[in-house]
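Please go over the structures that come below.
Two complexes, one shared chain (chain A), two partners (chain B, chain C).
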Partner chain A sequence: MTAGTVTPQSLAGNDLPSPVKYAGFWAGAWRRFRRNKLALYGFVYVVVILFVAISADWIAPYPYDKINPEDALQGPNRQHLMGVDMLGRDMLSRVIYGSRPMLLVGVVTQLAGLVIGVPLGIVAGYFGGIADWLVSRLIDLFSALPWYLIVLYMVMVLSPSLENLIVALTITSWVGSCRIVRGMSLSIREQDYIEAAQALGLPTRRILSNHILPQVAPLLLWSFAAGIPTAVFAEAGLSFIGMGVRPPSPSWGQMLGAAGQYWQYFPHMFIFPSLMITLSVLAFQGLADGLREAMDVNINV
Partner chain B sequence: MIPYIIRRVFGILVMLLLLSLFTFTLSRVVPGGPWMQGNVEIPLPQEQVQLFKEKYGLDKPILFQYLVWLKNAALLDFGRPFSAPEITVTQMIAQVLPYSAIVGGLAALLAIFLGVILGILAAAYCNSWLDNLITSYAVIIGTIPSFVMGFVLVYFFAIKLSWFASGGWGDYRHLVLPIVAFGLPATGGVARWTRQCIAEAMSADYVRTAYAKGVRQAGVISRHVLRNSMIPMITSFLPLFPAMMTGSIFIEATFGLPGLGTYFVTSSMTRDYPLVLGITMFWAILISVTYLITDILYGIIDPRVRLENKK
Partner chain C sequence: MSALLEVKDLQVSFFTKDGEVKAVNNISWALDEGDILGIVGESGSGKSVSALTLLRLIPEPPGKILGGKVLFQGQDLLKLRPSQMHTVRGKQIAMIFQDPMTSLNPVMTIGNQIIEAMKVNLQLSNQKAWERTVEVLSRVGIPRAEERMRDYPHQFSGGMRQRVMIAMAISCRPKLLIADEPTTALDVTIQAQIVDLVKQLQRELNMAVIWITHDLGVIARLAKRVNVMYAGSIVEMGPIKRIFKKPSHPYTIGLLNSVPGMNFSKDVVLQFIEGSPPDLIRLPPGCAFAPRCPYMTDQCLVDKPNLELAEEDHWVACWQMDKVQSNTRSAL
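The block that comes next holds the complex of A and B.
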C-alpha cells in the first residue's frame, strides 16, 4: 500500500503492523523518566527511605529513646556511627526513626490534600457558577497568607503534635491541587469530546470520572510528588521551633532544635539530621521534576 | 484600569473579612485562653479568670465579639495586646516590623541579585558546563532549609572565624549571617526562573534576526533578550519581598531576632488574641497589596496585557 492512502483496513489495523509501536503513555513516561539522573536518584532514595522507615524496629541499633548519660555527646565512633546526643541517645537510631514522621507527614498530607482538592477543583471547573465562586473564594482565603503561617497558627492553637501538624498541613495543602484541577477542568469542559459525551447523554458522574479525571491524573501525580518537599520542610521547620513532633519521639527537625546550644561544640548533632532533611527534599524535588518532564505536563499556575 | 483596581480591592476586602472570621473563630472555639500557658492552666483563682473575661468581653458570644472587633478594625483600631496593654497593636507591629523588613527585604534583594546573575549566565551559556553547574547549584541550594543554612554559616563564620555575630541585633555584623542564610537558599528558585524566562525570550524570531545581522552575544542579550524577559521576571520577583518578610520566622528563631515572626509565634502560644489577629491582618494586607501592585505594574510595563480581560 502506498503511503498516504488511508483505507478502512489500515485504520482498523488489519494491515502489516506499523513500524513504530506506541507502547503507551506510561511506558514512554518511564523511558523519559529514567534518562533524568536526579529523578532516578529520587526514586532510589524514596525506595530506600521507605524501607528504612518500615523496618526501623529491626535495623536501628538501639531504641531511639534509650538514655545513657555516660555516653552523652560522644562523636561518631564504632558503637555509635552518628555519635550520641546530649542525653546519651544513639543518633543513628534517632535518624532512622526520624524518617517516619517525615514520610508520614509528606505522604498523608499530600494524599489527603488530593482527596479534598481534586473533587472540589473538578466540580468548580466543570460546573462553574456558584460552585466555582465558592471554591475560588476558599482558594483566595488560603492563598492570602503563606501556608506555613496558617499551619503554624493552627498547630499552636490545636496544641503541637504530629497529628495536629498533619491536620493543619492537610487543610493548607489541598489548595495547590485544587487550583490546578480547577484550571484544567475549565479548559477541558470546552473540548469537543466533552460536548459529544454530553450530547450522547452520558451521566455527569461518568463524564467527570471517565473523561476529566484521566486528563488531570498525570498532573496530580506530579503535584503529589512536588508537594512532599513542602511538607518535609514544614515538619522540619515546625519541629525545629518546637511546634511539631513531641519529644522523645525523634524527628529530624526536632533533633536540630534539640541540638540547641550543643551543636557548636558537637557538630555531629546537627550534621546528620540536616543532611537527611536536605537529601530527602532533594530526592522528592528530583522525583517531581522527573515526573513533570517524563509526562510532559505543563504547569502554568 | 480604574474599574479593574476597584474590583480587585473589593476582592481583597472580601478575602480579609473571611480570613479574620476564620482566624477569630479558630482561636475562640478551641479550649483554652490567655489564662493558659500552652495547654497547662495557670493556677489563677476562678474569679480572676472571670474578671479577665469580662474586661476583654471574652464572656460574650463569639459572633458578638467578632462584630465588635470588626467594627473597631474598620476604623483601623486593632485593640491592645494582652501582653503589652500600654501600646496599641498597630504601634507594636510598627515597633517590631523593621527587624523583619530589614532581614527579609535585604535577603530578598540578595536572592534576586545573585539569582538573576546566575540565571543570565546559565541561559547565555545554555547547555555548557557552566549551565550545568549553575543548574545543579540552583537545585541543591533550594533544598537546604534556611535554619540549616544558618547553622552552617554560624559555625564557620561566627564560631571558627568570628567575623560575624552568631545572633542578636546590633550593627552589620549581626545582619550579615541571617540575611545570607535566608537569601542564599532562595537564589536557587530565582536562578531557575530567570534562566527559563531568558531561554524563552532567546528562542524568539527577533533574536535569531539580531544574531543573523551580526550583533554580538552581549548586545543581543542586553538589548533584545533582557528587555523581553524582564516582564515575567519582575512580576514574579516582587512578591518575594512580602513572602520573605513573613517567612523569616525560622531565621528569627535561629538567630534570636525580635521580629514580627517571633511575636507571631509567642502571641499565638500565649493566646494574645488582638496581637495574633493584628499581625495576621497586616501580613494578609501586605501580601495582597503586593500582588495587586504587581498585576498593575504588569499592565504598565507590557502594553500587550489588557488587565480588564484578565480573570
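The block that comes next holds the complex of A and C.
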C-alpha cells in the first residue's frame, strides 16, 4: 500500500495490516554483523581455518613429521607449495597442522575462562557484599600480576606441553569475562524487573539463569572472540621460545622460532607461519568487533 | 470474617551513613479476606516500604525489620526462612509495581515471563502454563492474547504493559494482591481503566487488594478501608466512607483539600499543606505532623499521639481530634 491510498476506511475495520513483526534479536544481529566487512572476513576465515584444522589428516599433502633431508630448505615449488624446512619437512603440511594448537589454545582457554568467570561474576554482581568483595579482589590480583610471567612460570613448573600451556593461560583468561559479567549483573540487579521477578516468587537461581545470564550472553560471545587473539599470540610467543608446543608437533610460533637461523636466506620459513598468525589474529579481532556491534543489546530495547 | 493479614507493631529502618532512617514506625493494621485496603500518603511516608516488607523485599542491608509481626493466615512471614518466602511470593501474595515500563524484562517475551512464574509456583507443564497464560491475558483485556504472547515488552504501550503485569500477578491466583502506585506512570484515562480492571478481578477472584497511592480520588473509587500514613506512622485509619465523611486528622483534611473536585471552579484557590515532610532521620519527639499543622499545640511538640477510636472503627492519632472534627465539613 502506498501512502496515497491510505484512507480512513482502509485504516479502520478488520482489514488492518497486521502489525510489524519484530524479526528477533538474532536476525537483527546478523543484519548488523553483515555490514562490517572485516567482521565478515573474520567469520569466513574462522570457518575455513576450522575446516582446515578438523580435516588436516586428509588435506595435508605429507605427514607433518616426515623428514626428508634431501629436500631440506627448498623454496616453494610444485611439490611443496610453501617450501621445505631445514629437516626437509613439508611447510604446507606443518602450517595446516599448526592451525590445531592455535585453535585449541584459543578456544579452550576462552571456554575455560567463561566457565570460571561467568559464575563468579554473576554471583559477585548479584549478591554484592562479601562475595563481591572477594571476587573483586581476585580480579584486581590477577589483573595486576604480569600474566606473561605467570604463564612462563607455570609452564616451567609443569613442563612445556600444549596441555600445560592451556592450563597456564586459563589461570588468567577468566578475568576479562568475569569483570564484564560482574559489572552487568550489578546494574541489572537494580532494575525493577528483577524486583518484580522476586515478588513473583522466582527462586534466586532462576533469576540468575533466566533473567541475568541471557542479558550478559551477547557480551560474552564478544569477549570470547576478543580473548582469542591474545591466546593465539601467547601460544605463538611461548612456542617460539620453546615453552609451548614441543617438536615434532608443529605450531606456527614454534616454526617461526625454528626459522631464526635461516630467515635471511630462506624467507619462506618465516613468511608463511607469520602470515598465518597475523591473519588469524586479525580475523578473530575483526570477528569480535563485528560481534560487539551486532550484539549491542540496547538497540532493540 | 477472619483477618487474612495482620500487621502488628511493624518497625522498619534503613541504616545509612547519615543515620537511621525510620521508614516505618510501629504500625498495626489488619486486612480481611477479599477486602480492598488503600494506603495513602505522600512520598517517603513509608507506604511502599511497609508493603515491600510484607514480601520481605526491602534490601537488607541497608534496610532492617526491627520488630513486629506480619501474620498472613496466622503465619508470621517475618519468621520464615528466605527459601520459604519463595512459596509465599507470587503464589499467596503477588505484587504489581509503579512503572510498567521497567518492571518487565525487556529481553524476554511477555508470554515466557508469565509462563515462568506459573511453572515455578504451580508446577504446571509447558502446555498447561501456555493455555492459562492465554486465559489470564485475555482476562485482563489484551486482544489477540495468543499472538501477543510472543511479543516483547517494548511492543506494548504503558497501559497494556500494566495489564500484562496484572496478568502476571494474578496468574498464580494469589490471595492478596499488592499494588504499589500502579497507575502513577499512566495517563488519567488509562488509570481509570486499570482501577476498574483490578476492581473487577478482585470481585471475580475474591482476592484481597492493598492499593498504595497518593491519590485519594483513586482510593475513593476502589477501596473499602484506608490507612493514611505520614512519616512512617498511620495517622488515620478506618472505612473509606467514614474517613471521607468525617476526616479527623489535619493531614487527611489537608490531603482532601488539595485535590480538585468535580465542581472545582477556577475562582477557588486550591489549598495545600504548607511546609514539607520531616527528615526521617531526625523525627521530632511529638507528632511528626505538628510543624505543618494549623491545630498545633505545645503538647503536640512533646508527646506523640497514639491511634484512638474517634467513632466506631475509625482511628485517629491526633491530640486535637475533637477540635478538628468540629471544624470540618464532610468531604463527600
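Heads up, the rule we're going with is that the second predicted complex is superposed on the first by the 275 of 301 C-alpha atoms of A that agree within 3 Å, B and C clash if a C-alpha of one lies under 4 Å from a C-alpha of the other, contacts with A are read in each partner's own complex, and residues count from 1 in each chain.
As a working rule, a contact is a pair of C-beta atoms (placed from the backbone, for glycine too) under 8 Å apart; a residue touches a chain by one contact, two chains touch by 3 or more.
Just so it is clear, the model here is predicted, and its values are computed rather than measured.
When the two complexes are overlaid on chain A, chain B and chain C sit side by side with no clash. Of the two partner chains placed by superposition, only chain C is touched by A:Gln215; chain B is not.
Seen from the Cα centre of chain A, chain B and chain C lie 100° apart once the structures are superposed, a value rounded to the nearest 10.
Within the superposed three-chain model, A:Arg137 lies in touch with chain B and out of touch with chain C [touch as defined at top]. Of the two partner chains placed around the shared chain by superposition, chain B is the only one that A:Leu145 touches, whereas chain C remains out of contact. Once chain A of one complex is fitted onto chain A of the other, the partner contacts of A:Pro69 are absent, as it touches neither chain B nor chain C.
In the superposition on chain A, A:Gly260 makes contact with neither chain B nor chain C. In the superposition on chain A, contact of A:Pro61 is made with neither chain B nor chain C. When the two structures are aligned on the shared chain, A:Asp192 is found in touch with chain C, with no touch to chain B. Of the two partner chains, chain B is the only one touched by A:Thr278; chain C is not. Shared-chain residue A:Pro203: touches chain C; no touch with chain B.
More residues of chain A are touched by B (comparison of chain B with chain C). Chain B and chain C never share a C-alpha pair closer than 14 Å once the two structures are laid over each other. Shared interface residues of chain A, touching chain B in one complex and chain C in the other, do not exist.
Residue ranges on chain C touching chain A, taken from their complex, read 55, 57, 85-91, 94-95, 97, 99, 102-108, 116-117, 120-121, 151-152, 154-155, 165, 168-169, 172. For chain A in complex with chain B, the touching residues are 38, 137, 140-141, 144-146, 148-149, 152-154, 156-159, 229, 233, 236-237, 240-241, 243, 256, 263-264, 267, 270, 274, 277-278, 281-282, 285-286, 289.
Interface of chain A with chain C (complex): residues 19, 22, 25, 191-193, 195-203, 206, 210-211, 214-215, 297, 300-301. Only residues 11, 14-16, 18-19, 22-23, 26-27, 30, 38-39, 139-140, 142-145, 147-148, 151-152, 154-155, 159, 243, 246-247, 249-250, 253, 264-265, 268-269, 276, 280, 283-284, 287-288 of chain B touch chain A when the two sit together in their complex.
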